[in-house]
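Labels run A, B, C and D following the written order; every chain starts at residue 1.
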Amino acid sequence: MALSREQIAMRVARELQDGYYVNLGIGIPTLVANYVPEGMEVMLQSENGLLGMGAFPTEAEIDADLINAGKQTVTTTKGASIFSSAESFAMIRGGHVDLTVLGAFEVDVQGNIASWMIPGKLIKGMGGAMDLVAGADNIIVTMTHASKHGESKLLDRCTLPLTGAGCIKKVLTDLAWLEIEDGAFILRERAPGVSVDEIVSKTAGKLIVPDHVPEMEF
Amino acid sequence: MALSREQIAMRVARELQDGYYVNLGIGIPTLVANYVPEGMEVMLQSENGLLGMGAFPTEAEIDADLINAGKQTVTTTKGASIFSSAESFAMIRGGHVDLTVLGAFEVDVQGNIASWMIPGKLIKGMGGAMDLVAGADNIIVTMTHASKHGESKLLDRCTLPLTGAGCIKKVLTDLAWLEIEDGAFILRERAPGVSVDEIVSKTAGKLIVPDHVPEMEF
Amino acid sequence: MAGFDKVVNSYEEAMAGLESGMTVIAGGFGLCGIPENLIAQIKQMQVKDLTIVSNNCGVDGFGLGILLEDQQIRKMVSSYVGENALFEKQLLDGELEVELTPQGTLAEKMRAGGAGIPAFYTATGFGTPVAEGKEVREFNGRSYILEESITGDFAIVKGWKADRYGNVIYRHTAQNFNPMAATAGKITVVEVEEIVEPGELDPTQIHTPGIYVDRLIVGSFEKRIEQRTVRKA
Amino acid sequence: MAGFDKVVNSYEEAMAGLESGMTVIAGGFGLCGIPENLIAQIKQMQVKDLTIVSNNCGVDGFGLGILLEDQQIRKMVSSYVGENALFEKQLLDGELEVELTPQGTLAEKMRAGGAGIPAFYTATGFGTPVAEGKEVREFNGRSYILEESITGDFAIVKGWKADRYGNVIYRHTAQNFNPMAATAGKITVVEVEEIVEPGELDPTQIHTPGIYVDRLIVGSFEKRIEQRTVRKA
């Protein structure tokens, strides 16, 4: 069965390491914060200028001057720091964030990612996404493997305008965990009960299937 | 008579305006701070990261962590701010300092300045001087008009390696106040008792002498 | 106003000199840390054809969104827009131009503008529509694009506290783009919640030194919240 | 060390991994705000052929000057040097190379290195020996030169207080180059006068966020004064 949103977040959380500074994009990536393994500490970076983002505030704690990059009211954790947008993106662009998790429309075998613009639809902007994908060494893209109409989002070449070129190495879909190497997707893990054949049939880009593709366990 | 060091500082101080942020170089420029006109406020910027440099400390006030760009112990004035060297030079390079006063070996009719390097002598470095002359719109160079051997320091073309190209418009020597315009020095004022002829004879670069060249008064 | 006292007493005075066709750089992220009253003053002045440089364009009826009501904005330079219907309509009708700029590049362009750096290279946007028409250059085997800095005729900034000399501190994430905006205006106007006497703020804890600030005014702020998210106590 | 606790307990541990031939970026201006004990540790380690990026090179017997005694430095990148005799001698003997860099350009090169900006344009140095071999380009009718960023294998930094997570604040003008140095090291080591618990420092008043800091140690400091200037009380 395809992974639920929560399972996607849980699987991503296994990539966390103690002491990681992490930037989580809007949507499913945000859920990763709920699955930080016991005994491990990570610190969340929000690109509007906050390192050490905490939980949502209680009614009593709400402060209009304390929001995250999704414009949601938040709190700070102990040891947080707050700074300008220039400093925030210095961190991001300079590669100081250990892990970035974000969604996408398409990724391809060259590590290209398209996530911000669908021609013909209103373009709202890239926000910080282009900086995040260009700045991070370690990025996990989370997305559904195929569109509602069954069209693969894992391509030989992205069809949509790019967010970044050659910057993605890890993709987690609702069906599989894949790595991108030397111009191909490599199937590393599959969702519980999802067959290799199904993944192959829903992957348009070049896919390498190792002899053994373990099932994820939850 | 040639101006004394104090008179040079006094003459420069007449160019101050209320509310000016000023960077004073080492040597005679430093003395300008002693002649700020009554009722006028200026704030001194020190390029190591201090805006609002105060007097030298008393013995009791000395603090190794509070120095100026000349590495001298100083104090801060009320309303001072302290910041990084990058921020300090952002101010300087970005043209936010209203007036910069610094010494030089040579200036020329193109507004070039040489102040940091004499070939054959040990080169200690330019420090912040190149940033200061490139960043400021309003610079006053203070220097002696001629060397001890009588050689003019106001030239058609600097002979020494430059500190900055085309950035100087105002020069105060011990003999005269000059402006640089359209490839010439223009003699604006002369030191008390110094004749136009003496200034002409000691100025190697193209010099324009207006009909009336007033004497400075002190 | 004498010496370094930057305080002005009316919003008219704060924005005096702003004219149609000018470029205004605004601090703020979403509706957080936006110069609400300076924006309202721009609306009141009815200047037109403005180029506004701001990460976002407010919402319908609040923040920079109110400048859309009378079509005062000709061009927005932003990383994310379209949180309001009027914006969308004017964009589709061709009445409004948008130059979408990655958020980090936008912040850096403002900083560079204030810091006398005319241009810099960044990997952000390489290989994307943002790179169109821009120089690409390799450094150490990686490709970067050339981005030019931004300066404005005016910068409008929202601070928390400032002393009369214009030394400003920001509150929490209301800092965001404000410090860079403050450096990049020919005339920088800061509105704050409280003005204190010089000497009351710790010199080492100033976010925006007064040298960048031309005018300072104290105002009161609605501080509207865009996404009110809470947990149970 | 677990989670975000950056504290190490010995100077050996603080500088572990430093090898001959590496590049070290050091904070400090003159003798103010220099990482005295980290420098002493480098001397103790006897690593050689170092490239040191620092505004100055200390004085005879103190600060970076002590690394000259056993000829540990191959190259200095600085804006102002030669405050000590040994430096001068090694320079004239050709044992030491110096890359003189304008002070503001040096600060910006460090910042750019930490901020993922490989190069930027500046008017500083145009038309001077500093411009030799560098690209010149015009923006808005003015000439600028291209300067590349600097990063180091190690950055050594002197802070005042830090919390265990490596959030650092600096004291007075001992800040100087330290915040930029902190961003530009593959391994950034900070020594401070006091370590406090996370939460004790105001999040909006951190000079160097902990994300830049790899190792943190508390030391005691001589803080030698270079130019002791006083007035009568």
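The rule is simple: a contact is a pair of C-beta atoms (placed from the backbone, for glycine too) under 8 Å apart; a residue touches a chain by one contact, two chains touch by 3 or more.
Small disclaimer: the values here were computed from a predicted structure and weren't measured.
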Which other chains touch chain B while also touching chain D?
C
Moving step by step through touching chains, the smallest count that connects chain A to chain D is 1
With contacts defined as at the top, give the pair, A-C or B-C, that has more of them.
A-C
Taking each chain's mean CA coordinate, chain A and chain C are separated, in whole Å, by 29
Can you work out the whole-Å distance between the CA centroids of chain B and chain C?
35
Centroid distance [mean C-alpha coordinates] between chain D and chain C, Å
32
Can you work out the whole-Å distance between the CA centroids of chain A and chain B?
55
Each of the following residues of chain B touches two or more other chains, namely 82-83, 89, 92-93, 134-135
Please list all residues of chain D that touch 2 or more other chains.
108, 111, 115-117, 122-123, 171-172, 175, 203-204
Pairs of chains in contact here are A-C, A-D, B-C, B-D, C-D
State the interface residues of chain A toward chain C in the complex, per the touch definition above.
46-50, 55-60, 62-68, 70-74, 82-86, 88-89, 92-93, 112, 117, 122-131, 134-135, 161-166
Quick check: in the complex, which residue numbers of chain B touch chain C?
18-19, 21, 40-41, 43, 45, 51-52, 76, 78-83, 87, 89-97, 134-135
Would you tell me which residues of chain D are touching chain A in their complex?
2-4, 111, 113-117, 163-165, 167, 183, 198-199, 203-204, 206, 209-212
How about chain C: which of its residues touch chain D in the complex?
108, 112, 115-123, 137, 139-140, 142, 144, 148, 169-172, 175, 203-205, 207
Under the touch definition given earlier, write down the residues of chain D that touch chain B in their complex.
29-33, 55, 78-83, 88, 91-92, 98, 100, 102-108, 110-111, 122-130, 143, 160, 171-180, 207, 223-233
